[in-house]
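In the two complexes that follow, subunit A is the common piece, with subunit B as its partner first and subunit C second.
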Partner chain A sequence: MTDVMHAEGGATARRERKAISESLFAWLLVGPAMIFIAVIVAWPLAETIRLSFMEAGLGGEKFVGLANYEDLAGSRRFHQTIVRTFYWMFLSVALKLVLGLIGATLLNAAIPGRALFRVLVMPPWVIPIAIGCIGWLWLYNGYFGVLSGVMMHLGITDGPFEFLAHKQSAFYSAIATDVWVGVPMVTLFFLAAMQGVSRDLYEAAWVDGAGRWYRFRRITIPQIMPVIVSMSLLSAIFTFNSFEIIWILTEGGPRGATTTLIVDTYKTAIGNYKFGEGSARAVIIVLLLGLFSLAYLFFLNKVNKKYGVK
Partner chain B sequence: MNVTKLSLAALLVSGSAISASADTTELHFIMCGGEVREADQKTVDEFQAKHEGVTVNLEAVPWGTCQDKSLTLAAAGDPPSIAYMGSRTLRQMANNDLIVPANISAETPYQDGVLNTVTIEGQAWGYPHAFSTKALYINCDIIEESGQECVAPKTWDEMYAMAKGVVDNTDVAGVGLAGKDFDNTMHQFLNYLYSNGGAVVDPATGENMLDSQQTRETLEFYGKLVDVAQEGPTAWERDQLRDLFNDGKIAMYVQGPWGYGQHNEDINQLIAPVPAGPSGESGTILITDSIVVFKGSGHEELAHELAQMITSGDSQYDLDSTWGLTPILDYAALGKTDLYYETGIWPNFTATISTGGPEPLVEDFKSLQSVFTNMVQGIILKDDTVDNLVTIAGEELDEAL
Partner chain C sequence: MMDRYTKLQLVGIYACLAIFLTFILLPFFEMFMASLRPLEHLFRSPYQFWSDDFSFDAYKQMWVTVPLLGRYIFNSIYISFMVTGLTMIFVVPAAYAYARLDFPFKNLSLGIFLGVNMFTGAVLLIPLYRVLRTMGLLNSYWAMIVPGVAFLIPTGIWLLRSYLEKIPRELEEAAFVDGASRLYTLRRVVLPLAVPGLIVVGVAVFIGAYAQQFLFAITFNQTRELQPLPAGLYEFIGYQSVTWNEMMAAALVGVLPVMVIFLFLQKYLVAGLTAGAVKE
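== the complex of A and B ==
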């Protein structure tokens, strides 16, 4: 009896030891990643949040509580910047998705030289953004740029037109460049998703007499919908935080017409050395993107349920 | 065995590296402007020859990022030993305890107004090293093509009439205007403001003087010039206007003395002081760039010595004359006889020194720049009235001071 009890006690102890060692092993596996995330993400985020409660500059820091946030809440210019940022994001993302969908559909069609066309889509994505933007900078130049020259030649304008000199044209020119940079990625993701759609579905629909548009609308779109939603979120985050394009083209001007939240944050924190005020802006960006991501997850969940994706 | 040998070798190598670094001192010299001029390099070589074991690591950084880089390094506790920067940053660096005062001899014969560009409440914080004034460049071929006589305009009215004549009779813009989000948009505006008796900050009291009748007149004139200027001034900064001038697309624009050598040789240029406004006499913005010595590098004494060598006497004359700068020192008082600035184009750039005004020294220079850019772009884009724009600029300047 005693031997049996001893044996049971020994087995329990071994199980406990094994459980502990497995748990330890799991922590050892996860540990490096956690340390990495803590150093790369958590610490800078915590530091940014801390700084947002400070009046911080080149000379040091002083705790000011919520003053930086109160200033932003009362700033009409900041409110305009938020509205402009969302307008910039929605318009640019919508254009990228529509053009990406059109591009992917064309590249998915059985046409000669399809592989070549697929390669030709890549350059805007492959070329470093700064180099691409400098090219656009010249295109938009009123006196030396192609666009203005063509417009004059066609009689659309009677003289040079500086695309980046006027508030509206500067804003839409920056959007055009952002779309140019962003469309290839969207196109290729959509193309990959389209190639995963079963041929059987199209053949069955074709046998039933469904036309091209009907097949596209009722088969292609529903089948790639999860990818469309995913790309929408990714593209929205990239576009929301798009900095280089605006900075190289206009630096946020003229008169703030192309200043989005990320440009405003850079100008405040790095340009003017107002690290506290800049951090408050950065925290607001994180919050806005967090809310946007939650809304996306909710929407993605609904889409997945609707189309039976697990 | 192999491991032991390797460890010993590594120890020896690191040991010799440590002893080597202990024998040398390196001054980190950030040179804004993206290039090291021959005159400066020569002085640096002389300095290194004089101090055995001292090396100067000259890092040329373009203007667009240079000042931010120097300030950020200093704020992060890793300051350069010495830097050549715009004097406008001095107050910000001095107020934040990043630089040390300059030791300038009282006998150094600087031109009028030069020391004001580096002095804060009686203390000089930088060694002035490059000085510029501005003047109006006119392409006489275009003026004559428009049926006008190429005579330097003395007043704003004459300047506008000349530019209008060009627009009415040719396909060329009458004048080049800078309006981009850039520092020289403010500089261009100040050329006209100082030529109209205006001021930004009272140098004695530090009082905000921007919201004035002179500023209103100047902004109104700037707005009037938009009608005879190149398309879209808000996309152009001063140095880009040079390309338009060289291409024969603008008839005139305001530029520093270096512009003369950068313009195409086949352009028949006339240079004149910036025309006078209704409330003032012809003036210019006085801008200097300075050598500053940073605090905490551990080599402040050596840095001071290098700064003094590079900014005085023959070295400075060599730089001014070869680079084509407005003379920063009265070289006649130093015994120089071959004074390059007494003939040719130079009187147009030296005549207005006494009526010129400084680039304002404020702690938050970027905000100051934004105040002017907003005001100037506001009138260019016809966003608001002159009165409102100047009032708003005055209020914004209060916050920047």
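== the complex of A and C ==
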């Protein structure tokens, strides 16, 4: 590369050659990662799209055109699954953001012991999701779990209450676990963003007599808005794709009450060996997430403009 | 002065923190309690808050019930380390290119990387299974490592890029002026300065790899000796009666090594992981 610097000739030619060598160098650096992703993600994705036009199983493949999609379009159960998935996502993300904001504010308070508290928030994030879920499985157990136990002792329920056996309670229990898995990361990012807010702003407001709540609303929230928006997109994608939690807790049951799109796709493709129908569902997930992300990026742009971030 | 709290406020803050941390830590506490109770007392109903016969027997017995337990714990950590190492090999050069260089399709290709973040393996399992089969990687460590790497590369690039952007360009320019090549500059100027960032991204990737091995393990690997802990724990289920106390003990002991590593690194992690999220 040094030869570029010694190159003779007009300044333009030199700059051009430098640009070319820079591009080449850049692609040499990015290339390996690109190729890896292409083989492990892009190719399977293309395969998924192809399979979605097939009737495919263990036996073989047969082209059926749009039949898989037509089936889905006409299926009331599938419509319900989509609605359930978005409900699942919005509720869970909202809870993660609210709890994360509260948690970060608490951990940001100048109180003794906060270094310890900050560490104590992290375990759910650091351990394998599947292991956390085993813990929750135990908590939700009607006979031996502490939640049902406390409810019985308090007289809220007469007998054991199986959290995962009823449609409603299973759904909200799964959300609670999903929130539990997601909250630590959201909290830590919010906390870091809060620590990045200049103290001068708070001091100026404080001198002017602004109370805590006012400072929180008018300084903290606007200042960390870009982080709130990007964390909500990230959590939305995680939550939409959340598979292990539901699979371990309920396998999508009881009677489909916790079957989100991703669980439905897995059940169809892996559980019932209907590769074509499963792939059509996968493609719909990709499309929905793509649309969702585009809308979000648009929104993020607006927010960044409003709050003056580049 | 501004940060002074009244007594009442302090009590309020601690109370809220207590509730928040109870939610976070309750599953761990209950797992620990369950691991201490003898099996027949575990299944007492209604629930008893206190048993009179706590013991650490499960921590001994679990190694007998699931003889491969030690192996599973090792596998988990081994797979995560391999994933982390490989991911970093791909991520470091790419992140540097995105942070420093100008090249055609820069934004488009970065967008593609980030787009990968939108998928989980669960959507692509069937074709992924075929790809791994074609490469002859099924039922080996690689069956769990390779997809893990692919899905962590985008996050790694994203995090490291924002970290590298904070290293002042002047240092590199000085090296250029002295006639150093790009590769030399990357190796001798940028990388040493980026060490804290590399640690952070490395730990973040490790956590990602450690947290999400379950799905790939149960789908792409049938070899028992190679299973990571989350998949291996399922062996406790499937005997005549589930030995819950041993399973909980195994789960807690299994995550202990990583917890200890994490405790030492958490300071860097929190500071650096969030550096990309914070404005200067």
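Just a few scattered comments:
Just so we're on the same page, the second predicted complex is superposed on the first by the 279 of 310 C-alpha atoms of A that agree within 3 Å, B and C clash if a C-alpha of one lies under 4 Å from a C-alpha of the other, contacts with A are read in each partner's own complex, and residues count from 1 in each chain.
Criterion: a contact is a pair of C-beta atoms (placed from the backbone, for glycine too) under 8 Å apart; a residue touches a chain by one contact, two chains touch by 3 or more.
Nothing here was measured: the structure is a model prediction, and the numbers come from that model.
In this overlay on subunit A, subunit B fits alongside subunit C without clashing.
Looking at the superposed arrangement, the partner reaching more residues of subunit A, out of subunit B and subunit C, is C. In the superposed model, A:Gly252 lies in contact with subunit B only, and not with subunit C. Touch criterion met: A:Lys167 reaches subunit B, while subunit C stays clear of it. Judged by the touch definition given at the top, the superposed model places A:Gly57 against subunit B, while subunit C stays out of reach.
Within the superposed three-chain model, A:Gly271 lies in touch with subunit B and out of touch with subunit C [touch as defined at top].
Of the two partner chains, neither subunit B nor subunit C is touched by A:Pro222. Residue contacts after overlaying the shared chain place A:Ser279 against subunit C, while subunit B stays out of touching range. In the superposed model, A:Ser293 makes contact with subunit C only, not with subunit B. Judged by the touch definition given at the top, the superposed model places A:Gln195 against subunit C, while subunit B stays out of reach.
With chain A fitted onto itself, subunit B and subunit C come no nearer than 6 Å, counting C-alpha atoms only. Annotation: subunit A residues 143-144, 160, 270 touch subunit B in one complex and subunit C in the other.
Subunit A makes touch with subunit B in their complex at residues 57-59, 141-144, 159-162, 164-167, 250-255, 267, 270-273. For subunit B in complex with subunit A, the residues that touch the partner chain are 68, 71, 74-75, 92-93, 95-98, 179-181, 230-236, 243-244, 247, 249, 364, 366-367, 373-374, 377-378, 380-381, 383. Taken together, the subunit A residues at the contact with subunit C in this complex read 1-2, 5, 19, 22-23, 25-30, 32-34, 36-37, 39-41, 43-45, 47-48, 51, 99, 102-103, 106-107, 109-111, 117-132, 134-136, 138-139, 143-146, 148-150, 152-153, 160, 180, 183-184, 188-189, 191-193, 195-196, 202-203, 206, 226-227, 230-231, 237, 241, 243-244, 262, 265-266, 269-270, 275, 278-279, 282, 285-286, 289-290, 293, 309. Here subunit C touches subunit A in the complex through residues 2-3, 5, 10, 13-14, 16-17, 20-21, 23-28, 30-31, 34, 42-49, 76, 89-91, 93-94, 96-98, 101-104, 106, 109, 112-113, 115-120, 122-128, 130-131, 146-147, 149-151, 153-154, 157, 176, 179-183, 207, 210-215, 219, 228-231, 233, 244, 247-248, 251, 254-255, 258-259, 262-263, 266, 270-271, 273-275, 277-279, going by the rule given at the top.
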